[in-house]
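Please go over the structures that come below.
Heads up, the next two complexes both have subunit A, just with different partners, subunit B and then subunit C.
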Partner chain A sequence: MLRYNFKYELRLLLRSRWIQILSLILLVLFGFSTFNGIEKVEKRKNDILTAKQQVKESDAAMLKLLDSVERGLEVSASPWTIPTNPMNVGNHHPRVAAMEPQPMAFVSTGQADLFTHYIKPTVSGDDFALNFTEMTSPVQLLFGSFDLAFVIVYLLPLLIIAFTYNVLSAEKEQGSLRLLASQPISIRKWVFQKLILRFFWLSVLVILSLLVVFFLIGVEPLEWTSTLSLLGLTICYMLFWFALAFLVNLFVGSSAKNAVSLIMLWVIFVLLAPSVLNQLGNTLYPMPSRTLMINEMREHKAEVTKRQDEILDNFLRDHPEYAINDTTQSRNFYHSYMASQKVVKEALEPIVSSYELQLHKQQEWSKKLQWLSPAIVAQESLNQLAGTSTADYEDYRDQVIGFAETWREHLMAYLYNNKPFGQQDYSSLPNFQFSYASNTTMGVSALVLLLVAGALLVFGFAVQGKSQKRGLLSN
Partner chain B sequence: MITTDKLTKKFGDFTAVDNLDLSVKEGEILCLLGANGAGKSTTINMLLGFIKPTSGTAKINGLDVIKNNLKTKESITYIPENLMLYPSLTALENLDYFAGIAGKELSPQMLTDFLKEAGLQEEAFQKRISTFSKGMRQKVGIALALAKDTKVLLLDEPTSGLDPKASNEFGALLQKLKKKGVAILMATHDLFRAKEVATHIGIMKDGKLRQQFVAENISLSELETAYLDTMNYKEALS
Partner chain C sequence: MITKTFYKESKELWRDGRVRITFTIVVLLLGIAVWISARQYQNINEQHQIAQKAEREVWDNQGEKNPHSAAHYGTYAFKPKYPLSLVDQGVDKYVGTSIFLEAHKRNEAQFSAAADQTGLSRFGDLTPDFILLFIIPLLIILLGYNSFTKEREMGTLTLLKSQGIVPWKWALGKWTALFFPVLVITTLLFLITGIVLSNLKDFGVFHWGSLFSLFLVYIGYYIIFINIVLFISLKASKSGIALVLSLSVWILACLAAPKAASNIAETKYPYPTRQEFASNVLKDKQNGLDGHNPWSKESKMLEQEVLAEYGVDSIHKLPFNFDAYRMQKGEEHEAEIYFKHYNYLKEQYSKQSNLYQSLAIVSPYLPTRFLSMAIARTDYTAHWDFSDAAEDYRIATQKFLNTNFAENSSYGEWGYKADADFWEKLPDFDYTPPELNAILSTNASSLYILGAWIAISFGLFLITTKTI
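Entry: the complex of A and B
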């Protein structure tokens, strides 16, 4: 039977123009979303490049100024900007701590539209770790990004539903089911073969369309292992929807009911499940108020400002290493300010930690329950592949916080030793280098999707026997 | 070849087929006559295993159709009132597909021969079924019976809606199959066609086989009278 189904299914699909229509739709969707994704990545790269260019220009001006100062020339710079003061270097000539997009970043915007991807940590700025969110249009946040992950996770299932909802019911409605059922074949196996063949042809179309789009748009460098992972995950995700369609075809009945049932399942798995998980996460692990935290931070700042001198004395007593080479014992605003910053940070540590802890608990909870929805599994895996997952941004944030500390420590040594910053010190300024640690669980996700799809198919074969007689073949 | 023993089907309180005993041997054509709802189609549905009998048994070639459903279908060809094939496939492709999934691998020459034998004109072989009349589709059904080397042919109102010529041609095809030893059970309203093709004729009413005749022993008018008597139509007509 498989040979004949294989031989004629493609002819039927071609003559009903399904293959042509699907090819066109897939090319348009994949083409537009890939183009969109690449545009975003390019913008991100340009933003980073511009920031780095600005730093380069600012550094050139700083070195020129330092050169003039060191040659004893008169310079027109205020005491708050002149780079001989290490704090001015730390504040006005920061490095760019950028999260360079990964080669497959165009696949999924992920968290990229929520978090910033470059930052310039200064020595006396606010704790930027709390201000990591990007200013983004609320409309864009509401509708999400039209990227490849959106097409695969949200739209591809709708195409599968349209392609599969009436495999069996159409035979009944056209009248050919009775002739089919009078042949020595199992209708279950027949439906299964038809769906597997449609799955096969749709997979071929998806793979070809994606490769054509990648080739035409010129995705460079095309990482073949990542591309294969992307295709593998997409195929597994598609198989899940075909397995659902198999069950609905067997258990439901008329084309209209099948279509409604599958759309309901789409709503549940793609829209409801992520939303419910998010709501439950917020309810179980409520986040402390961000506003309260910021207020508390301000109060602490105001309080420590009043007793900056006392703080500075205590600080230097506690940290003599900062002023180990200081012979002048001269103190100015920055000495007190930097010391008080440290005190504020230490005082706020428990509040920030509680915020972080709740966030971590929420994320862990969502991670555990993500397996309830294949759509979440697929989206999360694509985010990981693109390097735009929450974990990637947390990793980046940790690296930036680490770098900011290094930047501050490096320049504080100049401050407390009252050592001016010079041209010769420029080369030893710390620089940020983002190190990407792949945290993909794509293999596991694909395996889970395969297992779920397999279980649904086995369920269909095991249970359908009794339901077959429920009127599908009777008049 | 076809036997039923006290075959009964109830849908709730309604008895569609009631203790039906039938036997159709090789080379016999049994025409079941009866009004709508008499139980003819339900009987055929049970012989195909589409509906499970409430009680009694239905057998094809000695095999219970429920216990050996797929095995019994190997020797059955079923032609419903409206034989619906795949409209976007040609006659040859439809025949190849349905014979193929039934396990008959046929060469293009054999497919052509069967369609010819079924009386389909050659120019129609490569035409899509969507352009076919009902009579032409019935011929593809007969070609399928020939291709499957069928032993049992089940027909449900096959001539309804056919013009006299097509109906006559269809009758001739049944005679051909009869000579090949095929056991044929045909449900029909067409008394004339039944008298023409059948070896045996049964009249069903309310799920029961009320009368049964050897076709050659009864004239058309006697058959008509018997039919109207059984249906209690005489009063209504007089």
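Entry: the complex of A and C
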């Protein structure tokens, strides 16, 4: 029976032009979204490259200037930019702390449009004032991006709904159900086979068109393991929607009613559940007010400015290593500034970390409750795959702040030892290298989606078996 | 004929269990959304007031200080939340809420709410605008997709025809039956919002006029959807097909078009990255007058000019402190640089918004969204308006401080300190958002597009009724 079903289903799908139309739609959607994604990633790479190039150029100029100064030549630069002063190196020649894109970054924009991908921390800046948000038109952020993740999470289920809503009901409405009922196969088995076949064909189409798009647009470097997990997740997510369609086909009546029910489910899973969960997360773990944080920061700063000399004394007492090699013991603006900056930073530590704590709690909460909606699961997994999830950007923020500290410490040693910065010191300047954390839960997500889909299918079989006694044709 | 069809259709809709459930769900969702937004609104405004007061106190109690030190110390401008953000949050989540006003530098607004939230927030929020813009059109589709197809499917069309109906009257009856429940929901929502807003303390610039225009915009949006849904129902042969077609229109207009538009806009008219922007500004600054650098070429030129103007041969003989004067000139020069660079951003954005408007041809969602945000003062333009006002205030503050410095000290007297009570004399930052009329006239094109959509879709619908 499966063989016949397979044969006729394929013939039907081809003759009704479903396969042709779907291939075309999929190619257009995947093509457009992949193109958009790749364009964004290219821009990101170029921006980082340009920034690094600029630093290279300014480094060359700095070395030239150092050379002139060391040879005792007259230089034309303003006194507060001459790089013999370590603080001038730290402020005017910062390194690029960049977050290079992952190979699959084009799959999902995630938070990539919200946050910046490179930053140049200086010695005298405040870490908490480092602005990690990107300069984007907020309208763009509001509308979001037409990326591959959008096609997979939002549009693919709708295609599935359009493809499956009337598998059984159409037979009923055309009157061919009676004919079917006379065949030696139970109706639910027949619906199941038919849906599985449609699932099979749609999967084939999705995989083929994705691969075609990848090769046509020229995704490189194409990582096979990542591509496979992308395809695996997509298939599992699709299977979930097919399982829902199976249930709706069995339990709901006419074609239109089926379509309405499926659309309702789509609205609940894709639109409502995420926004309700987000709203609840914000209410349960509210972010402390940023405006009030500013107040607190200002008060600390005002107080610190008044006690600058005292702070510097304390600082040097705590860090005897800084002054030990210094024979001049001369002190200028930067000595006290850097010391008091440290005090402000320490005082504000609890406030700043309270934001991180709340964000962590919100993330934990959304991680736990994401299982309520497969759309969230799929979106989060795709973000992880692309390296554009909130966690990735948080990781980046932490690493940059760590690097800012290294940068500062490195140059502060020169400052407090009153040791000028020279050409030979250039090579020992610290550099930033971002490393992605490998805490991907994609396999688990795909597995859970698969299990849920399986459970729905089994449920359909079990419950429908019971109600079958009433008879399918009796209404 | 119209009223009879209206009664019959309304009764039929109301007797349908699914419709009642859907209707209740939508009303419930709206209630929750309004409640959450109202709470948020109140919360944020309270914080805003506390912060503003505290910041002013910090400023006033600086004690004896050099005016230029105070300028570097700076102050903050906090962006208030407007009453109608209760209906449409617009881009509020994605723009900063506070601007640091300091010497030599125009800062961008900091701390957007979206940056402090998880990835979930990018799916959208449960706010009234989400329901008004996405869910109610969906409700219209669910209520109306089979309005005409069912007559065909049940065979009642032949019956009706034999009765000698006037097609357009019959269609108009169906139209009103679909319009009525939507009108009820929308009116209810706006009435509740109005009542909530007028009962909140310190509700700022709330006017019933703005609320009413917002109401009209949404009603127009729904009329377009009703026309489209009924048009499809007239044309389609089966209810299922009508439903799928209407849904495709909805997906295209509300989900796909805005996202595609934002991608195209970004590629065609990109913004610089934050770092690029900063380095562009820096480059321009290095080529001009730096208020802190008395040795630069520009400073020397300024010196000659001023000496010639006052007819003296040394800057020590000037009636004011030349250091402070130069500082002010440098400030003005820097302000110009910032003006130029921010203007570039604005130009890019206005090109982007032209693109959005041209795509409004395929999506009635776009003009509605932009109009709604504009009237609620939560659009990007409102944000620009605020940040421009803050910049004006910053420039005025710098002038205020530098003038004091120039008039009360002599050249080279960097140790000068202003009195402790001097700071209070700085006027408060006072900002009022643009009036409704101004907003409507700047968004006139969106209004026209929306109007054209209403007229054309309604015309199409009425013409099609002839073919019944």
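Please note the rule applied: the second predicted complex is superposed on the first by the 462 of 475 C-alpha atoms of A that agree within 3 Å, B and C clash if a C-alpha of one lies under 4 Å from a C-alpha of the other, contacts with A are read in each partner's own complex, and residues count from 1 in each chain.
In this text, a contact is a pair of C-beta atoms (placed from the backbone, for glycine too) under 8 Å apart; a residue touches a chain by one contact, two chains touch by 3 or more.
Just so it is clear, the structure is predicted and the values come from calculations on it, not from any experiment.
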Given the alignment on subunit A, is it a clash or a fit between subunit B and subunit C? fit
Which partner does A:174 reach: the first (subunit B), the second (subunit C), both, or neither? first
Subunit A-centred angle between subunit C and subunit B, computed on Cα centres after superposition, in steps of 10 °: 90
Where does A:11 make contact in the superposed view: on subunit B (first), on subunit C (second), on both, or on neither? first
Of subunit B and subunit C, which one touches more residues of subunit A? C
If we overlay the two complexes on their shared chain A, which of subunit B and subunit C does A:3 touch? Say first, second, both or neither. first
Mind working out whether A:183 is in touch with subunit B, subunit C, both or neither, as first, second, both or neither? first
Could you look at A:377 and tell me whether it touches subunit B, subunit C, both or neither (first, second, both, neither)? neither
Should A:276 be classified as contacting the first partner (subunit B), the second (subunit C), both, or neither? second
Would you check which partner chain A:105 touches, where first means subunit B only, second means subunit C only, and both and neither mean what they say? neither
Once both complexes sit on top of each other, what is the least C-alpha distance from subunit B to subunit C, rounded to whole angstrom? 17
Subunit A positions within both the subunit B interface and the subunit C interface are none
Residues on subunit A engaged by subunit C in the complex (per definition of touch): 32, 36, 39-40, 43, 47, 50-51, 54, 78, 110-111, 114-120, 129, 131-146, 150, 154-155, 158, 162, 165-166, 254-257, 259-260, 263-264, 267, 271-272, 274-279, 281-283, 287, 289-292, 294-295, 298-299, 301-302, 305, 355, 358-359, 362-363, 366, 375-376, 379-380, 383, 389-390
How about subunit A: which of its residues touch subunit B in the complex? 1, 3-5, 7-8, 11-12, 15-16, 174-176, 178-186, 190, 469, 473-475
Taking the touch rule as given, give the residues of subunit C at its contact with subunit A in the complex, in rising order. 18, 22, 29, 36, 47-48, 50-51, 54-55, 58, 62, 73, 76, 78, 90-91, 93-98, 108, 110-126, 130, 134-135, 138, 142, 145-146, 238-240, 243-244, 247, 251, 255-256, 258-263, 265-267, 270-277, 279, 293, 295-296, 345, 348-349, 352-353, 356, 379-380, 383
Touching residues of subunit B toward subunit A in the complex: what are they? 41, 45, 48, 50-52, 70-71, 73-74, 76-78, 80, 82-89, 93, 96-98, 100-103, 141, 154
